[in-house]
Structure formats: C-alpha cells, structure tokens
Amino acid sequence: MKKMDRIALFFLALAIGVFPWGVGGNQYFISLLVFLGLNAIATMGLSLLMGYAGQISLGHAAFFGVGAYSSGILTTQYGLPPLLAFFVGIFLSALIALVVGKPTLRLKGHYMAVATLGIGEILYIVFNEVAPLTGGPSGLSGIPPLAVGGVAIEGTSFLYLVWGVAFLLLVFSLNVINSRVGRALRAVHGSERAANAMGVDAARYKLQVFVLSAVYASMAGSLYAHFVSFISPNAFGLMFSILLLMMVVVGGTQTIWGALLGTGILTLLPEYLRGLEDFEMMVYGAILLSVLLFMPQGVLEGIRRIGTRRKGQVA
Amino acid sequence: MISDFLSLEGLEKTFGGLRALGGLDLSVREGLIKSVIGPNGAGKTTLFHLITGILLPTKGQVYFCGRRLDGLKPHEIAGLGISRTFQNVELFAHMTALENVMLGRHRRLRAGIFQAGLRLAGMRREERECRERAIEELRFMGLAEKAALDALSLPLGEQKLLEIARALATEPKLLLLDEPAAGLNPRDTAQLSETILRIRERGITILLVEHDMNLVMEISDVVSVLNYGRKIAEGPPREIQRNPEVIAAYLGEEGNGAPA
Amino acid sequence: MTFTSQLIQYLLTGLTLGSIYALVALGFTMIYSATGIINLAQGEFVMLGGLIMVFCTLVLKIPMVLGFLVTLVMVTAVGALFERLAIHPLKNASLITLIIITLAGSILFRGVAMFLWGKDPYMLPPFGSHQPIQIWGAVLQPQTLWVLSITVLVVAGITFFFKRTLMGKAMTACAFNPMAARLVGINVRKMVLISFGVSAALGAIAGIIITPITLMEYDRGPLLALKGFSAAVLGGLGSPLGSIAAGFLIGLLESLGAGFVSSGYKDAIALFVLLLVLWVKPSGLFGSREESELKKF
C-alpha cells in the first residue's frame, strides 16, 4: 500500500488506542466509538463496491441484519458458539449476495439502485415476518456478549475487538485496492467495456466485490448483535441502508479513507442532534443535501482541494 | 482465401432493420498489417465489435488460430490474444498512465482477492514484474515520463498512444486499432505510422481501421475496402488506389476521404 | 363471507391500491420522460399531499375543494422548488450523485413532515358519504369510488397531455434527445421544471384521495415509491399508459395475494414483481428492448 495509507493507519491505531484513556473510561463515548467501528466495517465494504468498482447498493442494511440475526438466533435459540454463528452469518450473507448479485449487477445505474433497494426491503419484511425465528417486530433479546474463557468482552475490551477487526479488514481492503484486483475494479468503474476488452471479466469481479461487501456488513452485524444484546428489524431497514450509503458518499467515494471520514461524520452527527429530537431527520436531510450540492466529491476531497488552493497551486 | 490466423466467414450483422454487415468474408494473415477502409457507415467499427465479442453476429463465424470466436465473451477473446483500441479513447479514469497499462497485464497475472488482500509472497513478485513490463511498454510508446500522471490529463495524441501501450501490455498476437489517427495532427500521425511499423516488428499482427489515407497507404501490406457492409475490393495499397469501384464509393464523400 | 364476495372485496381493494400505484408510477414516468432521472422522492409527494390536506381540512377547517386546490398548489411548489434548488444545479453530475440527491431530498421531506406532524397517522374524512355500500356481499367504501373516478380523470388528462398537447410531445422529445429537443426550440429547462411540478401534483392527488381510506403518516413515502416504481418499470419506463396499467395490475396482485396467501408478505409482492421485471425484461411489458438499450440506462 502507499505510504500515506501506512501513516494514516498508524495514526488511526494510535487514536483508537488512547481513546478510552482519553475519555476517562466514559462508557457513553466508548459505545459511540464502538458504533463508529461497526459502521466503518460495513462502509469499508460498501466503499469497495461503490467507490472502486463503481456500483451501487441501497440495501446493504439487509446484509448487516443477516449477520446480526444469524448471531442472535444461533446463540440464543440454538446455543451455538458465537464464532460459529459469526461464520454462518458470513456464509448466508455471501450466499444471498451471490444469488441476487448475479442478475442485479448486470443492470445499469438507476435500475441497479432500485433493485438493491427492493432486495433490502424484501429482507426487511422477512425479518419482520418470520417471527418464530427472529422474534418479529418485537425483536430478539438476550443475545449473550462475546466471552473468552468465561470473561465477557464488554466496554473497552469490546471496543478494541471491534476496531481490531476493522483494522484487519482495512489492511486487507487496502491491499486489495493496490493490487491487480483493485486495478481491475477501478478499470470496471472507468470503462467496463474497455476493461472487458483487456481481459478483465467485469461481471465476475463485480460479483466478487458485491459478495465481499455483503460479508463485511455481515461481520459488522454479528458484532453489533453481541454488543447491543437486543435487535429488532427496524435497525436493518431502509434508513440504515441509506445511512451507510450516505457515509460513503459524504465522505467521498474516491478512497476508502473518504468512507471512513464519512462514517465518522454521520455517526457522530446524530449524537449532536440528539437533543433536537424533532429536528433530527430534517437537519440530517438538509446537511446531506448541502454536502451533495456543494461538495459532490465528498468531504475528504473537499478538504483536500481547499488545502491545495491555500498553497497557491491551481486546484 | 481463408487464413489460419484470423478468418471471418459469411459474417453478417443486422440491427433491427439496418444491415451493418452483409455476408463478409475477410481474413488476416499472420505478421501483416491489414487496413480496412470505407466510407462512414460501411460497418468498420461493427467489424471490430464482432471480432472482439462486443456484438454477436447475426450470421457467420469468426475463427482465430483454429478457435471459433463468435459467442465467446470479450474478456475470453482478449485472453486468446486479441487486443484493441477504441475509436473514442476509453482509458480508465482516476488511474495513472502506468496503472492503465498495468491493467493490460491483467490476464498474465494470477492473484485473486484473497492473495491480494493477504499480500502473499507470490503476489508481490507478480506485481513487480507487472510494473516493470508496463514501464517497458510505456517506454516503447515514448510515454515513460508520463507514467505517474493521471491518464485523462494527457493530450489526446498521447492518450491514443497510451491506449495502444495498454493493448500491447496484454501480449496480443493480433492488435486491432480503431481509427488511431483520428484527431491527430500530421506530426503525431507520422509518429504513429512509425510506431505501428515497430509493433509489426515485434511479431504482432495488426488490423487497422482508418480514414487517414496517407497513413493507410504508407504502412499497410493489404487493404480491404468495405462499402455498405460488403467488401468491394482487397489488395495491396497501390491496386486499391486505382480501383474504380473504390473511387466511386468514395466520391459520395466530401474532401479528403477519397484515396489520393 | 362467500368466496365470490371475498373475491370482489379483494378486487375492489386491489383497484383502489392500484389507482395510487398508477398515479405514483405516472409521476415517475413523467420525470423520467423529461429528464432520464428516477426521482426517489416521489413517494414523499404523496405523503405531503395527504398530510397537507389533513392540515387544511382539520386545522384550517377550510372546505374540502379549496383544501384540495391549496394542497395541490403547495405540493407542486415543493416539487418545482426541489427541481430548481437540488436537481437543476447538478444536471451534469454523475448518475449516482443524482440518485442520491433525490434520496437526500426524500429524507429532508420526511424530516420536515416528522417535525410538523410527528409520527402518528392522520385521518381524512371521506369526500362524500360515510355509508358503506353493499355490493354482492362485499363492502364498498364510497371513498373507493372517489379514488377510482378521480384517478380515471387524471389518467385521461395526462394521456391527453402527452398525446395531444404540444407540451406533452415536447416532453417526450426531451427524454429521447435533449440536444435535439433544444435545437428545435424546446425549452428543456422549462420541461424539466414542469415535469417535476406535474409529478408532484400527481403524487399529491394520490395522497389526498387515499388518506380517507388508509390514513397517512410521515414515512409512507419509501415503500409507496418502491411499489410505484415497480409499476413504472413493469409498464415500461417512459410509457404513461404502461405505468397506469401496471399500477392497477400490481394493486390487484397485492390485494389478491394479501387476501388469499398471506397479508404479512403483501408488500413483498410488488417488490418481487420489481425484481422479476428488472432481472428478466427491464424494458417492461410495454417497452421495447431496443429502446431501453438506447436510453440512458
């Protein structure tokens, strides 16, 4: 990977490392950072799909939900070890992504967007309707926290676990981006026709990255289930799908760091708006609209451009 | 005359009511530079799309080195050793010149998502070789200093050369060039001419679609002329220039479209 | 209830639902015809129509006809403003950006609605009589007749607009080839603005007429938009008649499915239709395959 990536990784690790100490063990802030980490895992995958491969998914919350419900159901109702449930979730997400991905990724632009929206909605309905399994609208409770040797992983240790996973996935993603596969994805984004002409099996790569992004989301969902111990379908519906998408777009689809920045912004923003319950969604929408209108390349790119302009260079 | 190298037999393509190509027999002998010329709408780019699998023929077959091409996917055909450039340059945006050319090496590399993500040793060596080979191709096309620049930031002439470098990186047996001289000034065209000859020296067969008659007449070994989707003449450049049917076909066109 | 009366009940419900889907689908088609964009905020126009009408009737206590007009004007204005402020400035942006802009717009509208009206569903009194009518053992709400007749009127109006008026034909021309349209003197900018305005109006009408039956709340939009889009694609994007026919078809499928198979999964029916169409024949029932390949997507 590039030098900038290494530097950024270092500082990120540092920041996460000292964070719990910095906030004096305050569980509210630690939870916030946990959610940030979970969202980041999901948006990393989405960034690979949207930013690099140039596709779109408006239904990714569904894969998050598959992971969450797999972990939730298998650990509560069937007493399976969490690690096994984790992998079952990954397997299911991958399978669903494979099956719906093949016909959907052939579609262009708007059609793909709406198809993914539809898929997400269908899964949401399934979460609600298969009540004996998922608990339906009232949700599923009693999901055990992760534990090692009888000691529960909670609070700060869970923070490190989530970000440890996020880190590994980040390194993995950066490696993929800076490889033959990453080039192929970016080529498909640039010109699918030319990519095919140069020997890239565009359809196969699109599907692979779609499945990969679904797997990332599933991992995040599984961890989420063990963190909040109670899950309900509402967390995995359209709003969350749109939120994930917005995180990638607002931060900037150019790079994976953009997605991380966007995740940071959009995870922390609602916390600031929390006091203004009634205004929340409205302000949210207004801010998003403004970013899209004035910084369509995303905040990261926007910051970078202001930086180069200040140095007197032509932007 | 059917060639073992590339041969199109009875090739036909209709779009709805429009017949772009009708009953075309064309072959290309290995090691030669063959040009396909004809007035606009004669079906030349359609021809390329049919060879490279972007379009399926309505009738007829395409054979390459003993294998049947029609029905294969474009990326499979690329894997068999056919590469191309496009009429409107289709470089990859947000990628440097070097990265564009490195992409050409795609099929010569092996690393999949997991090898790449985990950065296993074999992959690193592969990447290094890929990079070196790509730089070589850039050097061959005279673009070595532009390697780190964003591909789309280059002037059009260099973009066209870059696209050729990318195609060469695939190690093709057959190179299809779709109007490589379009939009180039005379100096760039002369350089292009010389470059194409150097490509032939590497043992790569070239099939060229072009409107620039000077270029065509100067470098081609054989010229085929299409009109309304049919071949109306074929032979060495000198003969084609004197062929009355060819001249008649072009007289419908304005200005310097006609063979000089 | 006998089987026949059940069937009739479901058919009536299906036609009622279908009217709404048809109107929403028509809204999608109009904007698509003029701009090539899919407006993901279409459902919010319906929602706003219903809720603003509620405000007019129950809070301002103005007569229904006046309220109808006021609501129509207001929602049309919202649509036009949205186009001017959010769509027009980004007309050269990438497809993904445009999709997301309309998505952001829908969030904004929903947020405003939540702020103004909260999360509770609201009721409108039926336009005419409250007395349910008995038809062959099925119960027919008089409002259903209002829904159907107003829908028919709107459909007739829109069809006339597209087939007979110069502006309607101009709008179709814009979608096919904006450059050529401009060259023959069509003001493409105005067409785009009008298409958004009219789509918003169509959505508002749908919202107003359906609220007495199904109530209206702030987040009705997205699912409605999905189903409406489902109908628009099934009928062939860009084909107003296709949108209408498909809207009714999906309404009927949903109602029959809910009645005879399972009501929990009824929303999934329209979605399955959507996926089926997109995966198998994106040009829809009435669109031509070549045409859909020539267009932007």
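Chains: A, B and C, in written order; residue numbering restarts at 1 for each.
Operating definition for what follows: a contact is a pair of C-beta atoms (placed from the backbone, for glycine too) under 8 Å apart; a residue touches a chain by one contact, two chains touch by 3 or more.
Remember, predicted model here, so these are calculated numbers, not experimental data.
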Required steps from chain B to chain C (each step between touching chains, minimum): 2
Return the chain whose centre of C-alpha atoms lies at maximal distance from the corresponding centre of chain B. C
Return the chain label for which the distance between chain Cα mean and whole-protein Cα mean is smallest. A
Using mean C-alpha positions as chain centres, tell me how far chain B is from chain C in Å, no decimals. 48
Which whole number of Å gives the spacing of the CA centres of chain A and chain B? 41
Taking each chain's centre as the mean of its CA atoms, how far is chain A from chain C in angstrom? 32
Chain B-facing residues of chain A, complex: 172-173, 175-176, 179-184, 186-187, 189-191, 193-202, 208, 212, 254
Chain B residues within the chain A interface of the complex: 52, 54, 73-75, 78-79, 83-84, 86, 90-95, 99, 102-107, 109, 111-113, 116-119, 123, 126-127, 130, 166-167, 170
Of all residues in chain A, which touch chain C in the complex? 50, 56, 58, 100, 103-104, 107-111, 113-115, 117-119, 121-122, 125-126, 128-129, 238, 242, 245-246, 249, 253, 278-286, 288-289, 292-293, 296
Across the complex, what residues on chain C touch chain A? 37-38, 86, 89-90, 93, 95-97, 99-101, 103-112, 114-115, 118, 222-223, 226, 229-230, 233, 264-265, 267-268, 271-272, 274-275, 278-279, 282, 296-297
